Amino acid sequence: MKKTFTMEKTTIIEKAKVRKLRNGILITGLPGIGLIGQVVGRYLVEELKAKRIATLISPHFPHQVFMTRKGGMRIVKNSFYLYKGKKRDILILVGDIQAMSSVGQYEVATSILNYCSGIGLKEILTVGGYSTGTITEKRNVFGVATSQKLRDRLSKYGVIFGEARGSIVGAAGLLPALGRLYKIEGTCMMGETHGSFVDTVSAKQIVITLSKYLGIKINLKKLIKRTKESQKILQQVQEEVQKSMESQFEAAKKVSYIR
Amino acid sequence: MKKTFTMEKTTIIEKAKVRKLRNGILITGLPGIGLIGQVVGRYLVEELKAKRIATLISPHFPHQVFMTRKGGMRIVKNSFYLYKGKKRDILILVGDIQAMSSVGQYEVATSILNYCSGIGLKEILTVGGYSTGTITEKRNVFGVATSQKLRDRLSKYGVIFGEARGSIVGAAGLLPALGRLYKIEGTCMMGETHGSFVDTVSAKQIVITLSKYLGIKINLKKLIKRTKESQKILQQVQEEVQKSMESQFEAAKKVSYIR
Amino acid sequence: MKKTFTMEKTTIIEKAKVRKLRNGILITGLPGIGLIGQVVGRYLVEELKAKRIATLISPHFPHQVFMTRKGGMRIVKNSFYLYKGKKRDILILVGDIQAMSSVGQYEVATSILNYCSGIGLKEILTVGGYSTGTITEKRNVFGVATSQKLRDRLSKYGVIFGEARGSIVGAAGLLPALGRLYKIEGTCMMGETHGSFVDTVSAKQIVITLSKYLGIKINLKKLIKRTKESQKILQQVQEEVQKSMESQFEAAKKVSYIR
Amino acid sequence: MKKTFTMEKTTIIEKAKVRKLRNGILITGLPGIGLIGQVVGRYLVEELKAKRIATLISPHFPHQVFMTRKGGMRIVKNSFYLYKGKKRDILILVGDIQAMSSVGQYEVATSILNYCSGIGLKEILTVGGYSTGTITEKRNVFGVATSQKLRDRLSKYGVIFGEARGSIVGAAGLLPALGRLYKIEGTCMMGETHGSFVDTVSAKQIVITLSKYLGIKINLKKLIKRTKESQKILQQVQEEVQKSMESQFEAAKKVSYIR
């Protein structure tokens, strides 16, 4: 590590050197609608016992540090985990937050793509929620993809293409769309959900679809239980991140206002 | 395409290599007052069967991807189309959105000018609306231009100079004004309009004026009909773009607020 | 002029090459409290028949172009004028607007200082208003300066040091404060004013003080009259600039909201 | 000092050349909850008669200059002071303000770390407040640290680890967290406080803890008295900084609105 560097740009810090992924696919599970991506991403990391290989920090994330139960601290971040599957290498991206501005979103997305492209990534699959405002018993899995080949391939696993309407905001859309500039095709897989609560049923449906598509075995028993546990933590994290939006300056304002 | 690049700046991706425009003029049809520019730009592209030669993406556009009816996705963007007319080459710039900040507007405008200047552009003509708050039967076409020569030339085609007052916000003003730094003169042509609805009558008037000025034949019959059809799409796009302004963070806030 | 350049940063375009100022002083008259700076700056330019030598444009100004009465257009900008006085060269900076963010203010200020330092500037004198919320018959001229030498020198001309309290926001403070990094000392001269109207009486007081300090003759007769005339123009400019704050996006929002 | 430079980035201006710190520790006292950091930082500087060695200015601070009682001006800034203790060198960072955005916070933090790392800093200890919303007679001193070694060491002086919950916003968290990238371990020491007033009792508790940990003698008698005096100044500074948030543009808006 050189002594002088700069955090004016998004920075990826490698924990373990990865040379070349074997038919690598990136699965992203970042916060978004119904927190489906985040729930799926974290469950995959835990169940597959994926190994953390890199950390992404960014000035476009809140200027905030979490206090840990042991009296430690950790910065707001995204993390890359690697699972070396039988058929292919699976990279999983999870994190506390997405970048807070459009300029930040584009910068973080290209940082991710530069890193992944450098280790030979072949495919991107982002996980998100598709908000319907109603609660359906069956949670469909909708998809959009950058190539017909991917649409054909994923349709076989029950992903519905051509029905979802509107737009995808954030990394779930930007990563596969910008991936094309790197000659990496991609899919955004969306769990049908109400949109106003953490939807573990929809998340489970995504995990089932992913396990088939990726040819990996994932124990589903713990998903609901674990999710309930981790939901508390997620909730705390989200609340903390929101508090930070009441910026330093706001804090100072309150102080001087009252005294 | 090199593997590592950056989207921290506005980027123009060339689909077809253009060497040198023949007395090239850039016509811009971007969203703005009465959506007149956008309606005119899209109609020209369709009627002239202009060929897409380049795409412009920018971190100053919303961090958003549209889902297509086929189950594909496409990023928010602007596009350059080329029509090789008998008299001169016509470049048409259309798009979903303009940059969302002043810093973004200047960056996108100079990206456009750098690109156009590089392929020998000679003239800029931006199309916008001039909001009056009233509905007049005759829709005047107002203009401002960076040179007397252009004012003289366009006056012959009925463009009224010296009557419009106030300022022009966005690319319609910045492109010709900054164009002078590249020794490219330019005009902003404004269709008189109420300002609160999509004004196809005013757009038609602009198309008539442009067809005369550019010496091209444009079938006007389909303008009103086509516009009505495309209006729905435009409306959807605009609504999607607006939704994205309710940023990722807002979405996360709602989720954690209710649960 | 090279064909490819960038407006991602503040840019100064020289109209006339200035080699080296003779004991040069920069007087700034930018918009601010009571518009005193702007009134003084414009009057000096007119009365001294100062010659425009450079234009400053910036992505931190609104993305906006004014329509002129002749059917032309001009971008929002600041301008440098030069008056070669008997005793010393006087550079006058006037303009429509100041940068709209802190990052922009610092960037524009250092652009100005880099340019001025390059042509040998020796002193900075910014003009602003000092808002009291009351109307006093006598309008005092308050000052703050970066050196005791300047305070001593200006005190002789009636400028009151050590009485004004609080802080100076914008270029009037930043320029002399950052000037110290260039070894250029400076003063901010503030006309006492109510703060809620254009104060020509206070502006006149500043002009009188400046004419003595700079050893130049300035006809004061036309100040009140001219100011009344130019007040209308200033007002229009300010209103236009404000309208632009209702950004392009806001405009688009309105359109789609109503139709 | 070179004549052309740029303030587009955070800049540290060295007043005195420091070659290499002797087991150097950085104590930061910047504005935050209960202004505890700021009170502690300023008291240490005064009591230890620490020498100012560097000034930090940033475009991410407000574009604002304070008027001094002598008729001078000083820019909004942070300052580094050095105290050469018997056991180790103590660097103290105090200032008017923290950066106003996340991008700014990261940039300022890395500027500080680049500078400190360059002069051989070994440890970071930031001081902040821990808001409880209640007033307790005994003010606990809570801590989080980046290493178990630091937690063990500071626990001996009564700092409580593992009890504080939530997150730390701003430099107090970012500096030790980012410090790890420079191989500098760090602690955030937080004084328990209500959060809505300047808490000199809690600040005193921090000073006691620090004096023991750092092995320096600090006269505590003057803390409460001095703090009351400096509180007025702090309050004025905070009010000024807030006023500046009503930007230049807001000021211009008011003027043109009323006239």
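Letters A, B, C and D name the chains as they come in the text, with residue numbers starting at 1 for each one.
Note that in this section a residue touches a chain if its C-beta (ideal position, glycine included) is under 8 Å from a C-beta of that chain, and two chains touch if they have at least 3 such contacts.
Since we're looking at a predicted model, the values are computed, not measured.
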Show me the overlap between the contact partners of subunit A and those of subunit D. none
Within the chain touch network, how many edges lie on the shortest path between subunit A and subunit C? 2
With centres defined as the mean of Cα atoms, the chain at greatest distance from subunit C is chain A
Same or different for subunit C and subunit D, where same means more than half of the interface numbers show up on both copies? different
When centres are defined as mean Cα positions, the distance from subunit A to subunit B in whole Å is 35
Computed distance of Cα centres, subunit D from subunit B, in Å: 49
Residues touching two or more other chains, restricted to subunit C: which are they? 100, 241
Looking at the complex, which residues from subunit C come into contact with subunit B? 1, 3-8, 13, 58-75, 100, 104, 236, 240-241, 243-244, 247-249, 251-256, 258-259
What residues of subunit D sit close enough to touch subunit A in their complex? 9, 31-35, 98-103, 105-107, 109-110, 114, 117-118, 143-146, 151, 161-170, 173-174, 176-178, 181-183, 188, 195-198, 231, 235, 238-239, 241-242, 245
